[in-house]
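These are the structures in question, set out in turn.
In the two assemblies presented below, chain A is common to both, partnered first by chain B and then by chain C.
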Partner chain A sequence: MSTAVKNQLRVCLLSVKYNIMKEMVNKVTFLTNILFMMLNNAAFIIQWSILFSLREDIGGYSMREVMLLWGLTASSFGLSRILFARVFTLHELIVSGKLDAYLVQPKNVLLSVMTSVTVTSAIGDFLYGIVLLCVFSFSIGRLFLFLLFTVTGALIITAFGLLVGSMSFWFVRTEMFGVHMFNCMISFATYPDGIFRGKARFLLYYIIPVGMAVYHPVHIMAAFDIGAFLWVLGYTVCIWAVAVCVFYRGLKRYSSSNLMEARI
Partner chain B sequence: MRKYAVIYRSVLMENLQYAANIAMGFVSYFIINFVFVNLWEYMYGTPGELIAGYTKEQMIWYVMMTEMIWFGARSATIARQASMDIRGGNIAYMMNKPYYYPLYILAKYTGEWSVQMPMYVALALVMGMTMVGRLPHFRVITLPAIVLCTVFGVMINAIFKLCISLLAFWVEDASPFQWLYDKLILVVGTLFPVEIFPDGLQVLFKLTPIYTVCYGPAKLVVDFSTEKCVEILLAQIMYLAAGSVLMLWIYRKGVKKLYVNGG
Partner chain C sequence: MQAIKVEDLSKSFRIRQKEKGMRGSIKAIFSPRTEEIKAVNGISFEVEEGEMLAFIGPNGAGKSTTIKMLTGILYPDGGKVEVLGLDPTKRRKQLAYQIGTVFGQKEQLWTHLTPYDNFRFFGAIYDVPDKETEERIGELGELFELSAFINTPVRNLSLGQRIRCEIAASLIHRPKVLFLDEPTIGLDPVVKETVRSLIRQMNRELHTTIFLTSHDVGDIEKLCKRVIIVNDGQIVLDDSMEHLKYGDMPLEDIIVEIYRSEGKVTLES
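And now, the complex of A and B:
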């Protein structure tokens, strides 16, 4: 059992490694993508500097906390799209019948699909988050928590992407829905939760999992709370269990398009 | 010019067929505006407070207008297609067609936003009236000037984005430059009015396309004055002229660099 898991993990890591090597064929483009994504994210520091010149706290957050929020969001989304970028275009594979190439492989279908693509610019997102943490609120303990929550955040975002993508097993035109859900998560995750009230807060914590992926972890990093910490870990496990079940249930409905395709 | 009018008309007709698909983008527009309404509701602590000379209603309407231009004018044609045509070699076929490639792209793009923009205008009006209420001091008589200013703003943005896409003649992937340009327009011209920045930066921003693309039209909607309108229109005409010359110059330089591998 443990050998099988080890082998599977090795295959996943090799898949990501080869994805990155493929992107590195043109080194200038590879580095430009990473660097410009970091600059692209940094443009929002202007926005927050302006807002904090108007008020000292926004939604209960100081500039330092907003930068932590931004850093965690960037790193989590970045890690998710470095390791599991295919999840966000899963509908395309399902609708056009391109899953066949993965079904015939001797390894786990879901992991093979998820790790088959890496987005280069996501490396810039991931690094930007770490740079923000180092510049605005570095401590060894916080770095450890930040990296841990980057992993849980990436897993929650990926699981949510998998749930939305798996809808394509039942409904044909879900790609726009997926794009909007993704945009929706990014839009909410980069603003303090304190500015939202009532139903919007309920939506952010229980329907779109931004609360669990980003808001709760930022609160925990500001003031550690073991209950909230376990709650985030538990939620990560639960959303993954649901997402995997939905994917495999949907996979039973999948029908091939007889498309000839080779994965090299 | 007739051939470009034909391209425009055919793209317009094609896009009218897919109006429902365009309407799917309303979700993202709604979410962004929902976030900003919440943000500015929070930032304006007391009723009647002014920030950079704007009331809360004016500020929210300003963001709704700039986001409307942003969403209504976005298109993959100028940002991605031109770049991909060059990168993939398709340009070798297109430059032999009886049209000038940059003008072909602009005609196609105009056909796209002519359908998108009115739909977003309608949505912005419904959202604005529902979430904020009527805009104080707005006069219908100013509409022709606002429409002209918006059209110029969209064209300036298209020309500069096309200039960036044409950089694909030299760099393999021009999209990182597009991200940076988009973010500057978004952060400096879309999320806030220019007046919110320190005086020194305001002077600098007024010299950039940011002033003419989003700020100009939105400013005229929330706080119209004839002097401001003339100032913005003059700046737009200058940017349109300078941007067009730059675009043609980059294209001419670029095609000289082009070599075809066959296939």
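And now, the complex of A and C:
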């Protein structure tokens, strides 16, 4: 690994470390944020238990697969918001000229920006996913795949957030669009894909990339398919390539600002 | 040798225009209208290594836009920029290792961290080895008298203490050129004087090139030997501080006169 890459990774990890340190200053809030996020997610187990007591099969999924879906969704979204949470408020940095602080540093702007914020409750999401896997469908092989797909899922979600956030380089007030798209992803990612047909299915696989982030991986964990596995990996690389290109293209349009702001 | 070389630099922004009231808002949805504002309009100048230059002008004259193009934050629309022989748009990262920036209106430090942790973080950003960062923190701590609050979170510091930390952080990697955008804004006279003497000391001992923008005449008069005045994105005056002073007329009045004349009044006239 080259020294430049090592140094870049060191700065990113330091950034995440300092963010977590900041949250840990208030011990009670830090722990309750994590714990209550896990409890909040767990409430949906009851909802699904009731549904599966009425029907054995929902959209081609059993209870175990739905829990796998929930686990992967929680862990992927969690990892994305532990490491790259700033992507989801990128519009704010662009519009208020807060990218300046990153542009004067001799580091990769995108990586420095992405890792500059950590959401504490996301640690709860991440842990909840792993707990669900351990409780409902644990095996060593599945744990390995689960962790791998958590990483690809987090990368796909982050890339999508980056694409939506980068729209602020061209259009003003895109924040609500970003919030809707993000909520859309979370909502759809927690329902079996078998219940969606036609245009909705096309939308979920090709426009809002829930299909590649969670549906395909869940199918692969249920029955391994090398073709689908490579498809997910390839898609992750492609969406990242597009998102990075769009961000740097937009960066050339960045107009900064002279607003009096503090970096908190 | 020249530290900064600028030739025919320009930058425009497209600003959305809207007629007044709700009617104007509705109209703007269907037929949006934009206007081009020339923030910087074909300026050229050079700064020698070790020079202390005041780059001043009224609000909206194009000072910050120029600094942002010199530091690689903004892409110019036209012209040529070289800072320490590097083009900021093409070699932003390499340049960043050799320059420091302090924006008085914007915080670069992490407010929840202590100055010490911030300096360590900045050391990592600029790839300064840990041992060297420690030594540098010691030197800067002594120079800027930071020892009393180096372990206090930045959010709990006074404005003067914060600005001293901002400048110290921007020097952790020993930059050859320091860009200061209104570094004394909001400070009391005593702290202002401390900051000025630190800048002077840095320039004298480390031969750091200083590029300063400020609305404070004291900063300009006490620090710089040369002044460039910009207005409406164009240079209206580029001369030595000695020339700018005229008899008993206060420097502030001379500068205001030049600002008001929008370039029509020069030193000769």
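What we mean here is this: the second predicted complex is superposed on the first by the 257 of 264 C-alpha atoms of A that agree within 3 Å, B and C clash if a C-alpha of one lies under 4 Å from a C-alpha of the other, contacts with A are read in each partner's own complex, and residues count from 1 in each chain.
One rule holds for everything that comes next: a residue touches a chain if its C-beta (ideal position, glycine included) is under 8 Å from a C-beta of that chain, and two chains touch if they have at least 3 such contacts.
The shown structure was predicted, so the numbers you read here are calculated from the model rather than taken from an experiment.
Participant: Identify the partner contact of A:F188: answer first if only chain B is touched, second if only chain C is, both if each is, neither if none is.
Facilitator: first
Participant: Kindly classify A:L39 by the partners it touches after superposition: chain B alone (first), chain C alone (second), both, or neither?
Facilitator: Only chain B; A:L39 stays clear of chain C.
Participant: Is A:A200 contacted by the first partner chain B, the second partner chain C, both or neither?
Facilitator: A:A200 contacts chain B only, not chain C.
Participant: One more residue to check, A:R10. First (chain B), second (chain C), both or neither?
Facilitator: second
Participant: Please work out whether A:Q105 is in contact with chain B alone, chain C alone, both, or neither, and reply first, second, both or neither.
Facilitator: In the superposition, A:Q105 contacts chain C only.
Participant: Jot down the residues of chain A that show up as touching in both complexes, chain B in one and chain C in the other.
Facilitator: On chain A, no residue contacts both chain B in one structure and chain C in the other.
Participant: For chain A, which residues count as touching chain C in their complex?
Facilitator: The contact residues of chain A facing chain C are 3, 7, 10-11, 14-15, 18, 21-22, 25, 97-101, 103-107, 172, 252, 254-256, 258-264.
Participant: Touching residues of chain B toward chain A in the complex: what are they?
Facilitator: Checking each residue of chain B against chain A gives 21, 24-25, 27-28, 31-32, 34-35, 38-39, 41-43, 45, 51, 171-173, 175-177, 179-180, 183-184, 186-188, 191-192, 196-197.
Participant: Could you please specify the touching residues of chain C with respect to chain A in the complex?
Facilitator: Interface residues on chain C, with respect to chain A: 13, 16, 64-65, 68, 71-75, 92-97, 99, 101, 103, 105-113, 117, 121, 124-127, 155.
Participant: Please give the residue numbers of chain A that touch chain B in the complex, ascending.
Facilitator: So the residues of chain A touching chain B come out as 26, 28-29, 32-33, 35-37, 39-40, 43-44, 46-47, 50-51, 54-55, 58-59, 121, 176, 179-180, 183-184, 187-188, 191, 194-197, 200.
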